[in-house]
Structures are given as C-alpha cells and as structure tokens.
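Scroll down for the structure; my scribbles are underneath it.
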Amino acid sequence: MTSPLPLGPSSPATHLPLLEHFRTVRRTSETLVADLSDADATVQSMEDASPAKWHLAHTTWFFEEFVLGQRMPHYTPFSEPFRYLFNSYYEAVGARHPRPRRGLLTRPTLDEVLAYRETVDEAMETVLESPHTEAELGIIVLGLHHEQQHQELLLTDILHLFAQNPLRPAYALRPVPVAVTDTPHPPEWITFDGGIVEVGSAIDAPFSFDCEGPRHAALLQPYALSSHPVSNRQWCEFIDDDGYQTAANWLSDGWAWVNREGIEAPLYWESRDGTWWHMTLHGLQPLDLDAPVTHVSFYEADAFARWCGKRLPTEFEWEAASAGLALDGNFADSGRLAPMADRQPNVGVLRQMFGDVWEWTASPFLPYPGFQPSPGAIGEYNGKFMCGQMVLRGGSCVTPAGHIRPTYRNFFYPHQRWQFTGLRLADDR
Amino acid sequence: MTSPLPLGPSSPATHLPLLEHFRTVRRTSETLVADLSDADATVQSMEDASPAKWHLAHTTWFFEEFVLGQRMPHYTPFSEPFRYLFNSYYEAVGARHPRPRRGLLTRPTLDEVLAYRETVDEAMETVLESPHTEAELGIIVLGLHHEQQHQELLLTDILHLFAQNPLRPAYALRPVPVAVTDTPHPPEWITFDGGIVEVGSAIDAPFSFDCEGPRHAALLQPYALSSHPVSNRQWCEFIDDDGYQTAANWLSDGWAWVNREGIEAPLYWESRDGTWWHMTLHGLQPLDLDAPVTHVSFYEADAFARWCGKRLPTEFEWEAASAGLALDGNFADSGRLAPMADRQPNVGVLRQMFGDVWEWTASPFLPYPGFQPSPGAIGEYNGKFMCGQMVLRGGSCVTPAGHIRPTYRNFFYPHQRWQFTGLRLADDR
Amino acid sequence: MTSPLPLGPSSPATHLPLLEHFRTVRRTSETLVADLSDADATVQSMEDASPAKWHLAHTTWFFEEFVLGQRMPHYTPFSEPFRYLFNSYYEAVGARHPRPRRGLLTRPTLDEVLAYRETVDEAMETVLESPHTEAELGIIVLGLHHEQQHQELLLTDILHLFAQNPLRPAYALRPVPVAVTDTPHPPEWITFDGGIVEVGSAIDAPFSFDCEGPRHAALLQPYALSSHPVSNRQWCEFIDDDGYQTAANWLSDGWAWVNREGIEAPLYWESRDGTWWHMTLHGLQPLDLDAPVTHVSFYEADAFARWCGKRLPTEFEWEAASAGLALDGNFADSGRLAPMADRQPNVGVLRQMFGDVWEWTASPFLPYPGFQPSPGAIGEYNGKFMCGQMVLRGGSCVTPAGHIRPTYRNFFYPHQRWQFTGLRLADDR
Amino acid sequence: MTSPLPLGPSSPATHLPLLEHFRTVRRTSETLVADLSDADATVQSMEDASPAKWHLAHTTWFFEEFVLGQRMPHYTPFSEPFRYLFNSYYEAVGARHPRPRRGLLTRPTLDEVLAYRETVDEAMETVLESPHTEAELGIIVLGLHHEQQHQELLLTDILHLFAQNPLRPAYALRPVPVAVTDTPHPPEWITFDGGIVEVGSAIDAPFSFDCEGPRHAALLQPYALSSHPVSNRQWCEFIDDDGYQTAANWLSDGWAWVNREGIEAPLYWESRDGTWWHMTLHGLQPLDLDAPVTHVSFYEADAFARWCGKRLPTEFEWEAASAGLALDGNFADSGRLAPMADRQPNVGVLRQMFGDVWEWTASPFLPYPGFQPSPGAIGEYNGKFMCGQMVLRGGSCVTPAGHIRPTYRNFFYPHQRWQFTGLRLADDR
C-alpha cells in the first residue's frame, strides 16, 4: 500500500492538487485488495460487515451518483443495476439491495468491479480537469474521505471474514516484528483544568464531516486522562479477576449482552494451552501484552473502567486534551496493521491519542447545538445515526494517515467490536 | 443517595408524619387493584410489563429485604421463595425469577400477596414507631418513592394487558367527562436566554433519586419551548402527511423500527370507520383531538419534531425552564387517568409541564459529572441503566401527585411507548 | 364421520341415555376446575397449551356453533365476541383469536365462562329433549368426545403451568399412595404372527373419529411387543449410559433438538441431591422407579429403543395386538392422575395397553386408504393435521375412562412431551 | 459435461470397469464448475445449500476418509483441517465445520480444492488398480453414487445462489431451444389393480442405498396415476383460483407456512407485466406452460392435489407402477437442465416417470420392515433422517443419467423446494 503522504494536518486536499489526491486515494483502495481472491472479496461474514468488492463498488457509486449523475443530466451509468446494488443507505436516492444480502452477489466479479472503477475514474478525471463549482468540489472531497472510511472498513471486514475460517488465513503476508521484551513504563495521569472550551469543527476548517460542527462552547469539570490506552496486560488482569463474571462491573444492557453472547474475552482472542493468542491481519498471533487492547465493545470498555474505579472520558474531554497534539501515530500507511506498544519514557504528555486504537468515550453520538445535516441525500451521511451509538475518537492502526483530526467523531453501537476499538481511562480531578 | 430528611415542599411526605405517609402510600397501591380480579392481577402481557400482583409484592419485598432484613439479623421472611420471586433486578441480592416469566405465577394468589403486604406492613410500622438511623430512614423514604413508581407502572401495565383483549375492558369504571367542543388556543413559543444554569438535585434537597445529582453547572444556548405539549390533532396531521411513511423524518433506527413493526399510529390508536379511537383506562374511547398525544415512542417524537422543522428539548433546557413553576397538573390522584386538553387562554407561560404526559427529551440517560451510585444493592437502582435509554421529564396523568419535581429523570428505551409518553417542541433562538 | 349411533359397548354413552351422558361429561369438565383460581384458569404457559378457562369455553363454543347455530337460523349467541375468542382452528367458521394470545384474556372471568356453559347447556338440553336428525346426533356425540379430549388437555396444560412455578403447586390435593417397595416382574416379549389384519374403525362401529377409518387390510411381518411400557428405572439406565449424549442413539432431527434445547431427562424431572424427583399433578414427588416413564418425546422414545437395539411398534402392530383386550386401565376417573407400576405376576399377556401412558408408535399420522374428511368445518377436525405428527395409542392416566378404544389415534409432533407420553418396545420375529 | 453412458439399468458400475467409471464420475463434477468463478463456487446462499467448492471437496473427503484412511493405517491426509471442514454430518467421524458456515470458507480456493481432488484421485487410482475387498469395493461404488447426488445438489444450489442476485445470471450459457407452440395432449389416467406387490431393492441388486431395502411385500388398493406430471399451465389455474389463499386446500402446517413465508407461487416464479417468468439455470426465462411444474414444496403439491379432488401417490404405488419402464428421460446429461414438455400422443402409458422433476409422494421417509443401517459411520447415510421428511421418486432434469432406478428414494422436508420437485396426481379406483 502506498502512502498518500505528504498530507497536511487537517485535510487530504490541503497540499495536493485535488486530481493527484483523487488518484492516490482511489489507487490505495485497489492496492488493499491486491492479494485477495474474487471469493475473499465477495463473501459477507456478518450483517455489520460488507464484502471488499462491495466497498470498492460503493465508493465508486458515490462519485457516479453524487458527482457524475448530478453534473451531467444525460449521464448513462456504467450499469443501471449497480445503482441499486451499491447504494448503501441513502433513502433519498432510491431502493437498494438489502444489506444482509450483499454477500450473495458473486456477480459482478472483482474484475468487473475494477473495470467499473476505471470507467468512473476516467469520467471523474475529466470532471476534475474542468471547472467545477464549490459545491461539486465539496462533494468530491467528501467522496474521498468517504472512500478512506471504507478503506478502514474493508480491512476490518476482511479480518472478520478470515477470523471465521478455521484455517486462520493472513491478510498481510509480511512478517510482523517480534515483540520487544522490555516492559513499557506504566501509564501516568495527565490532568486538565476544564472550564469553558471550544469544541467541534469551525466553519472554515479545511474539511470535516457535518456532524463535527458547529463549533461551540462546552463546559468541563477538571479531569485527568491516562497517558496511554489500556493494554492487553491490564485486560488480562480484568479477566483473571472474573471481570466478565461480575455483575457489578457492568451496565445492565452490557451484562445481558455478556450473558446472552457468552462473552469472556475481547473478540478474536483464543486461549491455546493456557496462553492467549488473537486473530490479526497477520493471521493467528501470540498476544503482545504491552500493546493496546483492541476489539472490545463499549460495554467492555465501560466495565473495565468501573472495575478500575475510573471512567471513560467524554468526547469533549478527549477533544480538548488533544488540541495541539501532532497528528502522528500508528496508521494504516505503516503497513503494520496492528496496535503496537509504546516503549518511550513517560514525559507527562498524552501518547497514542491518534492511531493504534479508536477510543470509546462516554458520549452518545448526538447532534451539536445548532446542527443541521447537509441538504439532500448527503444529509443522510451522519445525522440519521444520532441515536443509540457511542462516539469514538482518535483513529486506529487501519485508519489512513491524514484521515483523522481532533474533532473527528466515529460512532458505533455499544456491542460492536470488530473495529480496532480500545479505551483510555479518565478520572475526575 | 443523599439523606432525604427533613422532607421539604416537593415531597409527598411533607405534611404528614412518616408513619402516616407510609400508610397512605401503601394503602394507595391496594386501592389501585380493588376492581381487579386475581386473573387481571396475574397475567403479564409483554416482557416489559409486570403483573399487578407482582408490583404489589415487589414493593413489599423492597421493604422486607432492605429494611426488615437489614435491621433484624434473625428476621424470618414471610416466605423464603418470595425473596426469589419478587426481586426485580438486584444482582447483589441474589438470583431471581426471570422477568419474562413473571406472568406464570398464578400462585401466590392476589389474596396471599395482600396478606404478605399486611404482615410486612405490621413489621414496618413497628420499625417506624421505633428509633431508626438516618440511613434506615433514607431507605424507607426511597421505598415509598419506589412504590409510587410502581403504582404508575401498575396502571400502564394494566392498560397494556386490557388493550390485548378484544373485549377492550375498562379499568376505571367511572364515566369520563365528555370533551368540550370549543377549540383550545394554539400553542405559542416561550423563549429562554440560556447561559450557565444550575441543574440537578442539590445535596440538601428533600428527596431525590441518586441519578438526579450531583447538582452542577450546564451551558445552554438561547432556546424556545412550546407552551403546550403536541396534541392529537397535530399528530393526525403528521399521519395524514404520510409522516410514518417518509424516511426523511426518521432516525435510522427509528425507520427500521417503524418498518419492522408496521407502526402507523401511536400505540392503542384504532381506526374505526375512518375515525380514530384509542384504548384507555376507560376502555375504547373516541380520540380527544385537543388532548396531548400520548403513547408515542422517542423515535416517533423525534420524527414528528423533524417533520415540523423543530427538535426535542434537551433535559437541561426542560429543567431550566421548569424552575419555579408550580407542581400542579393532571396527576393520578384526580382519577381522570388520561391526558386532558388545556382550554385556558395563553398568557406567555409554559403549561402542562407537570402531569398529563411524560415529555421525551433529546437527552440520553447519562450520569451527571461526579455521579456515584449509592453503595450496595441500592446502587443498582438507576446507575446500571445509563446506556441506550432516553430521559423523559414532567410526570404523567398516572403519576402520583407529589411524586414529581423539576429534577426528576425518567428513562425508557427509544422504542418503548406503553407509558403515557408525549412531547413538547423546542427550537433554537 | 359415520353416524355414531346406536352406541355400542366401548362408548361412554352406552349405558346412559344421551341427555344423561351429556350432563355427565359437561359436569366432569366443571369438576376439573373446582379447585382452580380464576388466575390458574386464565394463564397460558406456552403456545402449545391453553388456559383451563379456554378449554371450558371452547368446548361450549363447539356445541353453540355446530349444534345451536346450525339448528336455529335466528339463534343469538351468548356473546358475539365469544365466537371469535373461542374458535380453535376452524378456518371455515371464520377468524379467531390467535392461539399464542389465549392467555391474555383475563376477561371473561372463570365465572362468566361457567355462566356461558350454563346458558348453552340449557339450550342443548332442550335440543336433546326434542326430535333431532341423525346428523345432529352425530355432532352432539362428537362434541362430547371432543370435550373429553379437552378434559385431558386441561389436566396436562395445568400441570405444565404449575411446573413453571418455583412453588411447584399441586393440582390434586389428595395424598398419593406411597410406592410399594417390592420390585415388579421384568417385562417379557409377547409375540404375534402378523399377516393380513384388519385395522381401523368399521363403518358400523359405535363411535370413532373420522381419522380412524376406513377399516382396511394391512400386512404385518411377525413381531413381538414388550408386555409392559418402559419404566422409569429403565430410563435411568439410559441416562446413566449417556443416552442423551450419544449421537448414535438419535434421529438427526432429534439430535438437533436435544442439543438446541439442552435436553437431559424427561420433562418435569429434577435432580435434587443426586435423586430424581418429578413434577406431577400432586406437586413435586420422588420418582417411582417402577412406574412407566412419561413425558418423553417421540425423539426420546425412538432413541431409547435404538439404544436397546429394539424399535417402536407401528400403529397397526399395536392395534392388532390390542384386539380383544379389555378396555381396563389407569384412567382419569381413578383420580390417581399419574402412571402406576404393575405388580402382578407375568402371565404371557400384554399389560397396561390402555391408560397410564400414551404409547408413541413408529407411524406418522397419515390418512388411511380411501379416507375422506367429514364435510364442512368438522372436516378440519383431524384431516388437516396429517403431516409431521406421530401416532400414539392407548390413552393415559388423564384420559377419561370410556374415551379410549383400540382404533383410537392420538397424534403429536415428535418433539412434544407435555402429554403423558411413554413407550412400549417392539421387535421383529 | 460428458455422458457417463452407456450405463446399465440399475448401476453405473455394471458395464464399465470401475476405474473407468471412477474417472468419468469424478471428471463430471469438475466439468460442472468449469464456468464458475472462485466466488460462485464459494458463497452459500442459504443453510440448506452448500457452496460448489464444498461439494467438490466433500465428495473427495468421502473417498479419503472411508477408503484411503481405512485402507492405509498411516495414511497422511492431504490436509488435516480438511477432515474437519469437509465432513458433512457423520457424527461417528468426529467434529465438523458447522453447516451454516460453509460459505465463509474463502480458503481453500477453488484451485486448491481441485488440487485436493487430483491428489486423492491419484491415490484412489492406485487403490483401484490393486486388489481390494468386497467391502472396499462397496464403499467405492457408494462414493460414486454419493458424488452423483452431490452433482445434482451442486446444480440446484448454484441455481438458488444465482436466483438471489438481481442480475439473474445464467449458469448454462448455451441457448435453450424455444418452446414448441402446439399444445400437448391432456394427461390421461392409467389404472393399476393393486394387491400384494414386492417393493424395495433386492439383496442381489447391482447397487442401491441401504434405505431402499429390504425388499418386502406391500398391500395396495386399486389405484390410478396420471400419465403425466402436473404442468405449469395447470399450476396457473390453481393460482388463478386463489389456490394459495384458500385454507381448505392446505394441510395445517402448510397453511401456516404459506402465510408465514408469504408464498404465492412456486419458487423462482416472477410476475413481470402480468406474465410469469422464472429463474432457471439459463437465467430468467419465460415460463413454458406445458412443461412440468417444478420447485414446489410438498405442502404445495398436496394442496394442488386436494384442490383437484385427487391425491398424491404413495411411494409404493409409484414404485409398483414404474416396474418395467425404461429408465429413459430428461436427465442432466442432455444439458438442457430444465424440465420439458412431452408432446407425444398418449398411448395409455405413464410418461416422464424418470427425469424432468422429482415427484412428491404421500409417503414419509420411513424404514422398511427389517431395515438395518449399514454398520459404522456409513450407517448415518440415510437412517438417521427417517423422521419428518417425505419421499420423492423418479429423478429430475439435473439427476445424472444412470443414477436413478425404480426403488430410488429421495427425501426432503415438506417445505423445501429448491430441488427440481414436482408432482403426479393419483386417485383411488
């Protein structure tokens, strides 16, 4: 996978001419499936996940539907049925293939989908080389960020698919560096004063999703954050202390979930001869105890925090704390595709805020004061999901570099855990 | 939970010595079942509801378990199996009869449950007449508020049960006054400045549940509230405008719910020969178009607001606006047991904030900053439900008078609607 | 259905004028609920079961719908809604209350249902005292046999309901005789030649259901039947030999059922301190090891037989073997309401063929050659169930005496076991 | 696909040296997937169906497990995990990959499965060229018949998969001959005397599955069979007469199925602009009204017969009538892969008894008198399915020629209809 860098701190479109950036993002998606078979790219392993082929086609449909179709009144789509097959959830655009049935589409083949991409890309390049409106430009940049989101999903969905296979195949064939044996420094508390802070994306920010704004004031009490995400080692202590079997640790819904699903460890963990292994994009691997724990649900993250006598941060505590931090981190572009341990000495600052693992917050995904969704079908992008989901912050080891920013709000249901989701502890001060 | 004594102006115990108050609340529960048969009091019409008999027994179990059992080391329970049968969800207390199976308990009979009440009441009166600790007093007062909550549930659960019966039996046999024919005045907007407001229950408040505190500062933007709850007449317009069939009105989860469940109107509404009727505690009745709409879910309330181009208030907007209002309203004690229209002329104030219908807010049920659940089993009362549910405010026509206050937080899942749940519109200013 | 009159030696109506017989059967149903509360008679403990009150009303509906309504063109039903509420499954008669919701009907009360019975009985007595057609007579006799079937169901449904209650209440309050301690004689094989035998009910038989005919020839190979049903003692050996955990014993559907449902013993068995108890109509009782095993499904019966290296008899093997046996046995009228051990010395004859436990056969419930259902709604009585169910023979300890005969075919799905169902082994010769 | 012919009337092994026959059958399976992509061969469209790749691997596993592994004590399997992945339902052999998860195996790839086949085939050829026991020979011949069964399933499973795709892709790319326009002759009744007939497979028959024996006497009443299967034209009349909406046509279980699933036509039928089309192995095609109806369930077949005032034949009526008929018909080898109309003049004989469509009988799949399953794991082949399923006779248009015979018993659950299943009417005489 080639790096789309150099990219600036807040938008992929900042420093690159848009056409070049378009090519880079589109090419990256194709690179991600280079080692997948047609079958790997076709199967859907659960309703939450989508086939790799579908991600490739849907991101293309986005440009065809919202740019080409809008711009050219007589535009002939590459394939009329694709308009139905590759719409995700835009009610305003029309009917669509039911989500749980995406994996039944052995046709079009992966090659046909790649041909679809090529055709749409050619038309898009013509658009990009011609004059276009600000609105059009906005949609194109949105489409690229949208595609980066699907690049991350493609990786997490493939991991889920391969984890269902008793052969435990590896997606990434490069050897992983062996874990270093010296133990990292224990996390420390970093404190913050709170008060009235400004949060959310400003109207003149380079790019952000509609749900990141409007920028507004929020009131915070004094608080502290852990310098590091919670590690696998800490999680093992939770398990060993019967954390999953102790009702007092759990929210009521979480306790019901744990018992109904028989949850006893993070997703992908397997105990073999008394040792924990876990399924990764490199196949089944021994657990690196010092790496951040990942593939835990909000319920688990919340239970762990309560077991510690701590809590999860709110999204605004997280955002205020992250202001001014460099957007460095372990992202997809490194090719490591797994969270890694931080072995630098502590120097009283937050570490690993970006990359490695998405961090569950205590905040439900809600509209900010004055929030208005974008007009038209694009308004369905985020707004209609503002119920029942929790905000995560910071990006992960499979987030494209340059895609993340302090105001970025990811969101999932509290039971979901096939993304690279972890946590960082917070406390009152 | 902070100590509830001395009881202040907003508590049912205000004007009565505690013993007298205990007797009143306990007697009220028994009055509620006076016209129910043993069978009426036994059947469970859905998993969310409980049998009337169960409510009577569980509220008694509360006193037995948390007062009598704690106070007297060698206390012999009225019935050992009752400790298992009538625990609701207190994991710390031990195993319990599964909630969905509460309606299979034809034994003990209603008479036996009443005998159970009598025995426990006698022991409780002895306690109340003796010296007791502050902590004990706190639990007793909590138990009385707990019982009032179950009085409301008993009524909504009976309504649900009777609504399943094609005979549409009436719970309340008294005739209902016919609706007055002159149309009420249309609602008006009442505006508020926002800014930093204090919300939540103060530590020295007469009584509140643990989830109502700590009292803390919240930051509000300028806003407006409708003077009145949304009426049945307004809801009919929503229906006639295909409100239930238009995806753009709905949150994604709500749209899935509407389609999965085939929802086309509030719960209990029935169209007969082109006219809307609804099932009430007085049996099947013609709809009073000017009364507040009720038995709508959060999804429906939110969709209605979006259809209007408005929104639901946050719980703090609601609470700040209610400060200083009299705690008057249409409560259970009136015996009307149905929301009613307000036909007074508008005078620029909020109306019907208390009583009539619980008002859905835009706020998920979350812990306030610094929230700590009470220690022990009582800590399970509210805290473990702080995920996935939405806050409602203001009480309803089946809430006992004196039970409600501005800081009171009720909470239900966004799809639930068997309570008397309605809404009041809000808007930015 | 062929005309049931004149009534012969195997019918309960034999020795009684029809009016007298009508009164006896009707009164018996009411006797069965004498010790039940309104709540006991209202709750439905699973979809397969019906409330006692429903049985009382439905058997009354049968006479109202098929006799009174047919005979009198202007007949006014006792209650128009009852025609909807108490139809069971007769599509030709019209819509009906959904089966799984029978337990939500707290109204009409048990007393109202008894009043319904009284009113219909009076009208029926007038009919019985007047001239009536053969067809009408046939329906009335059918209605009485129908009611006897529901008497048995009422008892098994109450047992199921009471078994859900942790208090394990007793339906029958009379003490049960303690088990005799001397061990019965082991069962012996009784052999039969087979050949062409006549089976089914002859056209001039006193009464039979339509599915028992036409009488026809069947071809049997030589075979043997066990002299006795399988006992609890034998079943314990099956359990101790991991019978429920050994796939090779089980039909594929049965193995899936055992694993899906976690089946490890007959229904109602409970292990307490290493001893088997079971829930009975007398409450929780120690297991009588020498009594016939009961509350086993067809899957279990078949698995047990395969574990023994034997098989279940076909329904024609059973019927041919029963020809000429006296219709004696342990029936409901004895009041014992439980299978009992046979302690008589073996004398080379079949024992306990009638009463005690229904015996699963290897035969699916299918139409006999030339079978035609009765015309009209009554034709739905048996014919439409001829798919997926297995035949049982011989009646049980809760079958009314006089209701059973050698040609009688009962039928249930292979997983059902809340009836008093057991088995008798067969073998080839 | 090459024809394995010439083959004798009852066994593929009769006239060909076994090695040659082995090669032909194995090659045929591979020919069937020649035009499928890796993805086509991987996806599982429902729990009842299996991926093409799985069929290829499982039939290979059969030879590896039951021949190579048995013969060679130190045999090293091609892949240890394949023993787990490709066991179907043989409990005695060990654990296996859960059936509903067969479609998640994107690895091994189709090419790897073909390599697996090649390796096992080489070892099998060595075995076939060496001396082998009768038992071994029996297993090998069984393995070939087993593979032919899976060839048929592979085709019906691919049809099911492609029918889920809105693109309605064609499996068979050759053009289908257009339907001839002259109407076929109406069917006539062919009568039979009944009496005692011999049915089942004799012990010295060339090959049969264990469930086809023992040969034994059966007693039949005089009966008649229709000369032809029921046609699509007849089925349209059933639909037009509200056949699917009329409860009186249906068995109780069937009526529940029709309503629960919303069934209104045979599987794969689609109404487009008032005309019926159906999905076939040649893609979406207009319905040939004169061809036999197919893809109907037992419930539908039974309902149709009842609507006609007729019935389905028993399996023994069918078998006795088929004795002496030539094993000609429209089988898979013709490449047509669809049932076809018979346009020959009637001459008083049964037509299309073999091939075209499997014919549902009125007979549940039960053991014949004296039936003993084969010893060991192979005994699970048929015996454990003898509950809840119905017998079908005669083979279909996707059955390999030479695979069928008069005693052949196929079996499916009464709701299943993704096989090429139709019906022939019967009547009493």
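Remarks
Letters A, B, C and D name the chains as they come in the text, with residue numbers starting at 1 for each one.
Rule of thumb we're sticking to: a residue touches a chain if its C-beta (ideal position, glycine included) is under 8 Å from a C-beta of that chain, and two chains touch if they have at least 3 such contacts.
As the structure is a prediction and not an experimental result, all values here were calculated from the model.
Looking at chain A and chain D, not one chain touches each of them.
Chains that touch both chain A and chain B are absent from this assembly. A centroid comparison over C-alpha atoms places B as the chain most distant from chain D.
One inter-chain figure worth recording: chain B and chain C are separated by 47 Å, centre to centre, where each centre is the mean of the chain's CA atoms.
With each centre defined as the average position of its C-alpha atoms, the distance from chain C to chain D rounds to 39 Å. Separation between the centroids of chain B and chain D, computed from CA atoms only, is 60 Å. Touching of two or more other chains is recorded for no residue of chain B. Working note: touching chain pairs come out as A-B, A-D, B-C, C-D.
Residues of chain B touching chain A in their complex: 89, 91-92, 196, 216-219, 221, 247-248, 250-255, 298-299, 302, 362, 364, 366, 369-370, 384-388, 414, 428. Those residues of chain A whose C-beta lies close enough to touch chain D in the complex are 37-43, 45, 81, 84-85, 97, 101, 103-110, 161-162, 164-167, 169.
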